[in-house]
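Below are structures written as C-alpha cells.
Both complexes shown next keep chain A, but they swap its partner, so chain B is in the first and chain C is in the second.
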Partner chain A sequence: MGAYLVRRVLVSVLVLVLVSIGIFWLFRLAPGDPVEMMLPPQNRGPGSEAFIAAKRAELGLDEPVWVQYFTWLGNAVTGDLGYSLDTGRSVSDLLGERVGPTVYLMGLSLLLALVIAVPLGLLAAVRKGRFADYAASVVSLGAVCTPPFFLGILGIYVFSLKLGLLPSAGMSTPGQYSVGDSLSHLLMPLVILAFSQSGQFTRYVRSSVIAELHADYVRTAEAKGVSATGVVTRHVLRNALIPVITIVALSLPNVLAGAVVIETVFAWPGMGQLAIASFQGRDYPVIIGFALFFSIMVLLSNLIADLLYTLVDPRVSLR
Partner chain B sequence: MSPLLTVEDLAVEFRTEDGVARALDGVSFTVEAGETVAIVGESGSGKSVTALTVLGLLRRPPARIVRGSVRFRDRELLRLSRDELRKIRGKDAAMVFQDPMTALNPVQRVGKQIAEAIRLHSAVSRQQAMARAVDLLGLVGMAQPGTRARQYPHEFSGGMRQRAMIAMAIANDPALLIADEPTTALDVTIQAQVLSLLRTAKQETGAATVLITHDLGVVAEMAERVLVMYAGRIVEQADVRSLFASPRHPYTAGLLASIPRLDVESQTLTPIPGSPPSLLAPPPGCPFAPRCALRQGRAECVSERPALREVDGHATACHFAELAE
Partner chain C sequence: MAVRRFLRHKLAIAGVVVLLLVVLATVCAPLLTGHDPLKVDLSQVRQPPSGEHLLGTDGSGRDVFARLLYAGRVSLLVGVFSALLAVVIGSVLGAVAGILGGWVDALIMRAADVFLSFPVLVVMIVIAGILGPSITTMVIAIGLFTWPRAGRVVRGVTLSLREREYVQAAQAFGARTGWLVVHHVLPAVLGSVVVVATIAVADGILIEASLSFLGLGVQPPQPSWGNMLTDAQRLTVISQMPWLWIPPGVAVAVTVLSVNFVGDGLRDALDPRESS
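Right after this comes the complex of A and B.
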C-alpha cells in the first residue's frame, strides 16, 4: 500500500509536468499575447511598438518558448508559480483565495447529487418498467439534457427577480455575515449543479442495481428467507455502488466545468470566474496555475476512487 | 401420514421473445420425510424450474404458474403470501445452488452470510449467530472455521464455497434440502467430498433431500428414488436399483446406455440421437417419440400423449413400456 502510494505520486508528478508543457505550448499558439491585450490597436500611437517590445522583454516573452518554459518550471518547483500579468499578484495567492469557494461548492454539489441519485436510481431499478421507473427516467434525462446555465438564469428570474426569495450573486451579502445569508446564497448554485450531475449518476445507479438484481447471490439470499427490502439494502446496494465510484471519480472534470459556468452565472467568487478572466486576457501564469489545479483535482479524485475501492470491495487490493 | 412434499400436476410457462415456453407440463411427485430423491434429466428438462417453483423462487414474470399444487407439511405453498413463504424458506426448506463461485455475496464475510440465515429465523444475538456459523463451518469440514468465517468468498476455493453454501442451508435444521446440481461446477475429486458432505448433512438434520443432477453416477451413489424428467414432464419414476437394472422408459434406457462403461469393450459412446423438442411448440404425442428407439413407426406415439402408469413397480410415461428394457 505504501509503495503503491509512492508510485502513484511519482506518476502524478510526471502527468503534471506533461500537462504544464501542453498548456504552455498550446496557449502560445493562440493568437494575441498579454502585452497586446493590454494595449488595444486603437489606442496605439508612435512609440507603441517600442513600448510593446520593451514590455515583452521585461516579461521574458521575447525568449523562445522552451526557454520560457524552463524558467517557469525552475520557479514552479520552488513553489513560485509566477505573477499575474494582469494584476501583478502572485498566482498562488490568487488561486489560494479562490480554491475555497470552488471546492466548497463542488464538494457539496457532488454530495447532494449522490443523495439524489442513489435513492432515485435504486427506486427506478426496483420498479423497472413501471411508473416510478419512467418518472425517474424523465427527471434524470431532463437533468442530463438541460444546460446548467439555463437553469441558473431561470432560477435567477424566478426566485430572485419575480419572487425576491433568493439572492442572485455572490457568496454572501457584504457586511451581513450570518449562516442564513450564506445558505441563501449557496442554495441556487448548489441545487442546480447537483441536479445536473444527478441525472447521469441516477442512470448509472439504476443500470448497476438492475444488473446486480440478477446475480446468483440474490437468489441465495432469497432462498435464505431475506425479504425483498433486505435483499436490496443488505446485499445488492453495496455491490451495485462499486462501479458507481468510478463514474463519480470520472465525472469530476465535468463537475468542475459545470462549476465554472455556474460560478459565472451567480458571480460566485471561485476558480471559474478567475479562469475565464485569465483566458480572455492571455494571462499565461494564471492559466497554467489553473490547469495545474484542475489536473491535481482529477488525479486526486482518481486516487481517492482507487482507495475507496479497497474499502468497499474486499477483492481489490492495491500493490 | 401424508408425505413431506406433494407436488401435483404442476405446470409452469415462461414468456420469451419467441413465444410462450411450457417449462413444466403436469409434474407430480412426492417426497417422504428423510428420503433422498434424485431428479435427473438433461438441460431444459425442467429440473431446476421444479425446484425453484417449490421454494417460490421463480421470477414472475417471466415465469407463470399455470396450474398445480405444492403441498409442504400439509400447507399449500402456491397460495402462501410472500411473507409466509419467506418464513419457510431457509428454515424448513433450504436450497444449495449449482455455482458456488457466484452464489455467495462477494462483499460480505462468509460467517456473516451464514449468521444472517440463522438470525432471519430465530431470535438470537449477533454473537450467538456468529458462534453458530463458526460451528457450522466446522461441521462441514472446514479447517480453522473461526478464521474462515471472517474471510470473504474470493478467499475460498470452489469446494470450500460449496461447503459454506451447505452450512448455510442446514443452519436452521431444515426438513427439506434441495440441492440443484451441487457438484456440477466442481472438480471430480471435490465432487466426492461434497457428496459425502451432503450425506453427513442429511444425517445431522434428518432432512429429506431432493438432488437435482444430470450425472447418473451421482444418482447411483446418493438416491433412494429417482425421477426422470424429459421436456417438462416426468417420464419415469422408480427406486434406484430397479431403475438402473430394468428401465421402463426408452429415454431412461437411452440415458443408461450412453454412460461409458469400463467393463464393456467399446470404441465409441452410444448417444441418444436427435435433441429434445422445442418447449415453445411441443409435439402432440409423446415428446420423446422423434428420438425413440422403441417407437418403430407406431402411430400412437405421435398422436397420443402417454400418461404415467405403473409397469413392474415403475411409473412410466410410455405406451409400450412393457417392451422397453
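Right after this comes the complex of A and C.
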C-alpha cells in the first residue's frame, strides 16, 4: 500500500510538472511583450530602448527560458502567483475567496446528483427493458443532451421573471441575510448543476447494477431464500456502488467545469465566474493561477479515485 | 443484418430523420431565407417574429432565423471536425498501445487518463485567455482532449485481437505492425469506432455551445448556436425577447439528442456485444 501510494503521488507530481511547463509555454506564446505593454506608445522617447532593456533585466526576462521557468515555478510553489492586472490584488487571495462558494455549490450538487441517480439507476436496472427503464433513460439522456446554461436561462425565465419565485443572480440579497434568502438563491444553480451531472451517474449506476445482478452471489442469496428487495439492497447495491464512487471522484473536474457555466449564468461569485471574468479581461496572472489550481484539483481527484477504489473494494490488490 | 437491426431501433430512425432535416436546413440555408445572417439593419432592431422575420431580429437588426440556419453550419462542422480529430488520434494511439503493449501501452493509457480528466471548457479558458479564441483552436482543443474515449475502445479491441489465431499467424509470417493495423485491426474496430465517433460529434456540438456561449469559441458576428445565446445573459433579453435565445437552445438540444439516438442505434447494429 505504501509503495503504491508513493508511486501514484510521484506520477501525479510528474504530470503536474508537465502541465506547468505547458502553461508556462502558452504564457510565453501570448501576444505582446509584458514590458512593452507597460509603456504606452505616446510616452516613448529616445531613452525608452534603454529603459526597456533595464526593465527586462530587472524582471529577469533576459534570462534563458529555463531559468525563467524555474523562477516562476518556485514562486508558484510558495504561493506567489503574482498580481491581477485588473485589480492589482494578489492572485492567491483572489482565488482563495472564490473557493468557498464554488465548493459549496459543487458539493451540494454532487450530493443531490447522487440522490437522483442512485435510485433512478437502480430502478432502471431492476426493471431493465420495461417502462421504468425507458423513462429513466429518457430523463438521463435529456440531462446529458441539454446544455446546462440553456436550462439555467429557461429557469430564470420561468421562475425569476414570469413567476417571480426565485432570484436570478448572486448568493444572497445584499443587506438582508437570512437562511431562506440564501436557500432561494442556491436552489436553481444547485438543481440545474445536479441534474446535468445526474444523467451520467444514472447510466453508470444502471450498468453497474446490471453487471452485479448476474454475479454468482446473487444466485446464492436467491437460493437461500433472500427476498428480491433484500438481494438488491443488501448485496447488489453495495457492490454496484464501488465503481460509482470512483466515477464520482473522477467527475469532480467536470462538475467544476459545469460550475463555471452555471456560475456565469447565475452570477454566482465562485472560481468559474472569476475565470471567465479574467478571460474576458485577458488578466493573465489570474488565468494562470486558475489553471494551476485546477490542475492540482484534477490530479488530486484522480488520486482520490484510485485510493477510494482500493480502500472500498478488498478484491482489488495493490501493486 | 446490421441494417435491419438499426431499422428496428425506432428512436434511431427518428434521430436520423431529424438530423437529416437539420443538415438539409443548414446546407440549403440560402433557399430557406432571403436574409443575410450578417447584415446589420438598425431600423429593425429587436423585432418580434413576423412574416418578414420568422424568428424576429436581434440587437443589431439581424434576422434570427437566418442566423440560426447559418449558425447550424458552424456548430455541426465544429462537432464533425473535432470528432474526426479525436477519433484519428484515438485510433492510432489506441492501436499502437494495443499492439505493442508493455511500457508503450502503459504510457499511452496513463496519458489518456490525464487528458480525459481535463475538461475542454477549462483548457479553453486558459488557451483562449492567453492566445485569444478562434474556431481552429477550439476544434484542436476538443479533439486533443477527447481522443481517449476512442483510444480506449480501439485498444480494447486490439488487445482481444492479439489473441486471435489469424492475427498470430500473420505475426508469425513476419507481418509488420503497420500492416497488421491496416489489414486486421482497422476492419475489426471500425464498428466500435463509428459508434464512438457519433457520440463524439454530439459531445463536440455541446462543448462548442458552452464555449461559444461564454465567448471562448466562435466569435461574433459569425453566428453559432452557442454564441447566439450569449445575449441571453441580460435579464431584459431573457424576459422580453425569448425569440433570441429559445431557438438556438432548442436546436442544440434536439440535434445532440438525435445524434445520441443514432449512436445508440449504431451501437446495437454494429456492435451487438456492447449493447446494454
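Definition applied: the second predicted complex is superposed on the first by the 258 of 319 C-alpha atoms of A that agree within 3 Å, B and C clash if a C-alpha of one lies under 4 Å from a C-alpha of the other, contacts with A are read in each partner's own complex, and residues count from 1 in each chain.
Here is the rule we use: contacts are C-beta pairs under 8 Å (C-beta built on N, C-alpha and C of every residue); 3 or more make two chains touch, one makes a residue touch a chain.
Remember, predicted model here, so these are calculated numbers, not experimental data.
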**Item:** Clash or fit, chain B versus chain C on superposed chain A
**Value:** fit
**Request:** Classify the contacts of A:250 with the two partner chains as first (chain B alone), second (chain C alone), both, or neither.
**Result:** second
**Asked** Counting only touches as set out at the top, which of chain B and chain C does A:207 meet: first, second, both, neither?
**Response** second
**Asked** So, A:154: does it touch chain B (first), chain C (second), both, or neither?
**Response** second
**Prompt:** Between chain B (first) and chain C (second), which does A:219 come into contact with in this model arrangement: first, second, both, or neither?
**Reply:** first
**Request:** Give one of first, second, both or neither to describe whether A:69 is in contact with chain B, with chain C, with both, or with none.
**Result:** neither
**Message:** With both complexes superposed on chain A, which partner does A:294 reach: first (chain B), second (chain C), both or neither?
**Reply:** second
**Fill in**
Between chain B and chain C, the one with more contact residues on chain A is chain C
**Fill in**
Once superposed, chain B sits from chain C at a minimum Cα distance (Å) of 12
**Message:** Applying the document's contact rule, which stretches of chain C touch chain A when the two form their complex?
**Reply:** 110, 113-114, 117-122, 125-132, 202, 206, 209-210, 213-216, 226, 229, 232-233, 235, 238-239, 242, 245, 249, 252-253, 256-257, 260, 276
**Contact footprint of chain C on chain A as seen in their complex** = 11, 15, 23, 26-27, 29-31, 141-142, 144-150, 153-154, 156-157, 160-162, 168, 206-207, 210, 250, 253-254, 256-257, 260-261, 264-265, 275-276, 278-280, 282-284, 287-288, 290-291, 294-295, 298-299, 301-302
**Asked** Tell me, which parts of chain A touch chain B in their complex?
**Response** 215-217, 219-228, 234-235, 238-239, 242, 312-315
**Asked** Inside the complex, what are the residues of chain B that reach chain A?
**Response** 55, 57, 82-83, 86-91, 94-95, 97, 99, 102-108, 116-117, 120-121, 152, 154, 165, 168
